[in-house]
Amino acid sequence: MMETPYATPDRAWQQRIRSSFAKQGAMRLLGATMSELEPGHCVIALPFREELAQQHGYFHAGVTSAIADSAGGYAALTLFPPGAEVLTVEFKINLIAPAHGGTLVADASVVRSGRTLTVCTVDISVERGGERIPCGLMQQTLIRIDTK
Amino acid sequence: MMETPYATPDRAWQQRIRSSFAKQGAMRLLGATMSELEPGHCVIALPFREELAQQHGYFHAGVTSAIADSAGGYAALTLFPPGAEVLTVEFKINLIAPAHGGTLVADASVVRSGRTLTVCTVDISVERGGERIPCGLMQQTLIRIDTK
Amino acid sequence: MMETPYATPDRAWQQRIRSSFAKQGAMRLLGATMSELEPGHCVIALPFREELAQQHGYFHAGVTSAIADSAGGYAALTLFPPGAEVLTVEFKINLIAPAHGGTLVADASVVRSGRTLTVCTVDISVERGGERIPCGLMQQTLIRIDTK
Amino acid sequence: MMETPYATPDRAWQQRIRSSFAKQGAMRLLGATMSELEPGHCVIALPFREELAQQHGYFHAGVTSAIADSAGGYAALTLFPPGAEVLTVEFKINLIAPAHGGTLVADASVVRSGRTLTVCTVDISVERGGERIPCGLMQQTLIRIDTK
């Protein structure tokens, strides 16, 4: 785990990030929750329901991408100073097994945190009946936007 | 535009694809519609609403990915024989400008249709007030699954 | 084709870029030449020889990537002011058909030229016996580095 | 580490792979060597020289891609039966720090080995003066070709 260079003793950064997450209409629409948040690391979970599926009943690749992209973005944001925002530049995702039923979990880690660009990897799996089955892998580039 | 090698005179393939699209819970949840469907080509459109946004009010990258991924998948499927299905192997998306307001449009074309793998590119733009503003670009690999 | 916002009447930018290309030891080692250079556009060509092959006698994917990456980088650089340099952030390449014999051609175009980041696409083909056979497709992100 | 399902007691698979590597003209041209080979895992190393550089004297991104692509391909091949070959479908690489001097090392691992497709990740670093500095990250898709 990384140390947040800008972490304050009162962990204000966690509140800042959780409040940003709460503003993501898309995460609410899907029903996703942020289950872990540490410096350089973020996990987002999403229970299955039919509204999240593609035509064969698996989680839609776009839905999988959505929680993985948010997890990576917030992992990056944990290492930014107050006032800095994050935007996704690009990502690539491999869907290595069909994901269905259970809970989809996107587990993101910062690999490289630069002044302008951050690179994350995200492991995506399905938790079902006590098992964790890998179903996707994302490699993502983000940019830091300094507001004001 | 490509010719569907398996196209039937009555265009049964179009009904097959539109019925598959109708089964995608995720597309219904987002509010997406299939606005064009030709051999090797598919367009999906999605009007903006706050539930589709990330924390700054732009279309969430995952939402953008979702319609682009579906558009590419169905573009690929137009060139498959009846009984063949399509799964996304992987994709990479660049978000080249923030997409907000208006209607998000994902315009997918098959670049290479092989026996096993298909490669698509998807141009993503926002239509707003008569303008079309490019906002993303996807390169996608799909696999054909023969369910005899 | 784009207009170089910084183009000088004497086309000094072309000399600047061709002199940078001449400094790429890797391009010399491969035997690549820059065959076209216009604002937002660059083409690099590479005749086949066995030293460029993988184990089946096709152009090695890394060799294909190398000329495509350089073509994209120089396409981006045509739109930068003097003193600015370019570095590859990342790229994704699909190899859509085996490339062997003839001349490998990487044809790069700038899709989005931002203040910090540039996005290019590169079409890769083999020219052989008067034919041009598509064999690859790259989507690339580059960053502008302002020296001094 | 994975177990080669097809491993023979005499490790014929290792000779098969090393002999395939020896046939890669491109690896000889660059000066790369295969330094580790285990089931699901392969490492390729490449000492720096100016002929491998881009215009700023760093390893050219295409050269970095070339050894990473080969490392991933051979990691995949360790898990294939005799007679099966491997081709790169696509890859995506992030260059997270300039790589110069020392020895470039591409360390590839199979993440998912399916009947048709294999997914690998490759960590790329520079070893210089006893240090190992991460400089790149690849996510790669490969296809198995059964030659009768």
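Going by the order they are written in, the chains are A, B, C and D; count residues from 1 in each one.
Note that in this section contacts are C-beta pairs under 8 Å (C-beta built on N, C-alpha and C of every residue); 3 or more make two chains touch, one makes a residue touch a chain.
Predicted model, so just to flag it, every value in this text is computed and none were measured.
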Neighbouring chains common to subunit B and subunit D, by label: A, C
Pair sharing more residue contacts (C-beta pairs) when A-B is set against B-C: A-B
Chain whose mean Cα position lies farthest from subunit C: A
Distance from subunit C to subunit A - Cα centre to Cα centre, in angstrom: 33
For subunit B paired with subunit C, centre-to-centre distance based on mean C-alpha positions, whole Å: 29
Geometric centre distance via CA averages, subunit B-subunit A, whole Å: 23
Set of subunit A residues in contact with two or more other chains: 89-90, 92, 94, 141
Interfacial residue positions of subunit C with respect to subunit D in the complex: 20-21, 23-30, 49-56, 60-63, 65-70, 73, 85, 87-95, 98
List of subunit D residues in touch with subunit B within their complex: 89-90, 92, 116-117, 141, 143
Residue ranges of subunit B touching subunit C (in the complex, touch as defined): 92, 94, 96-97, 111-112, 114, 119, 121, 134, 137, 139, 141
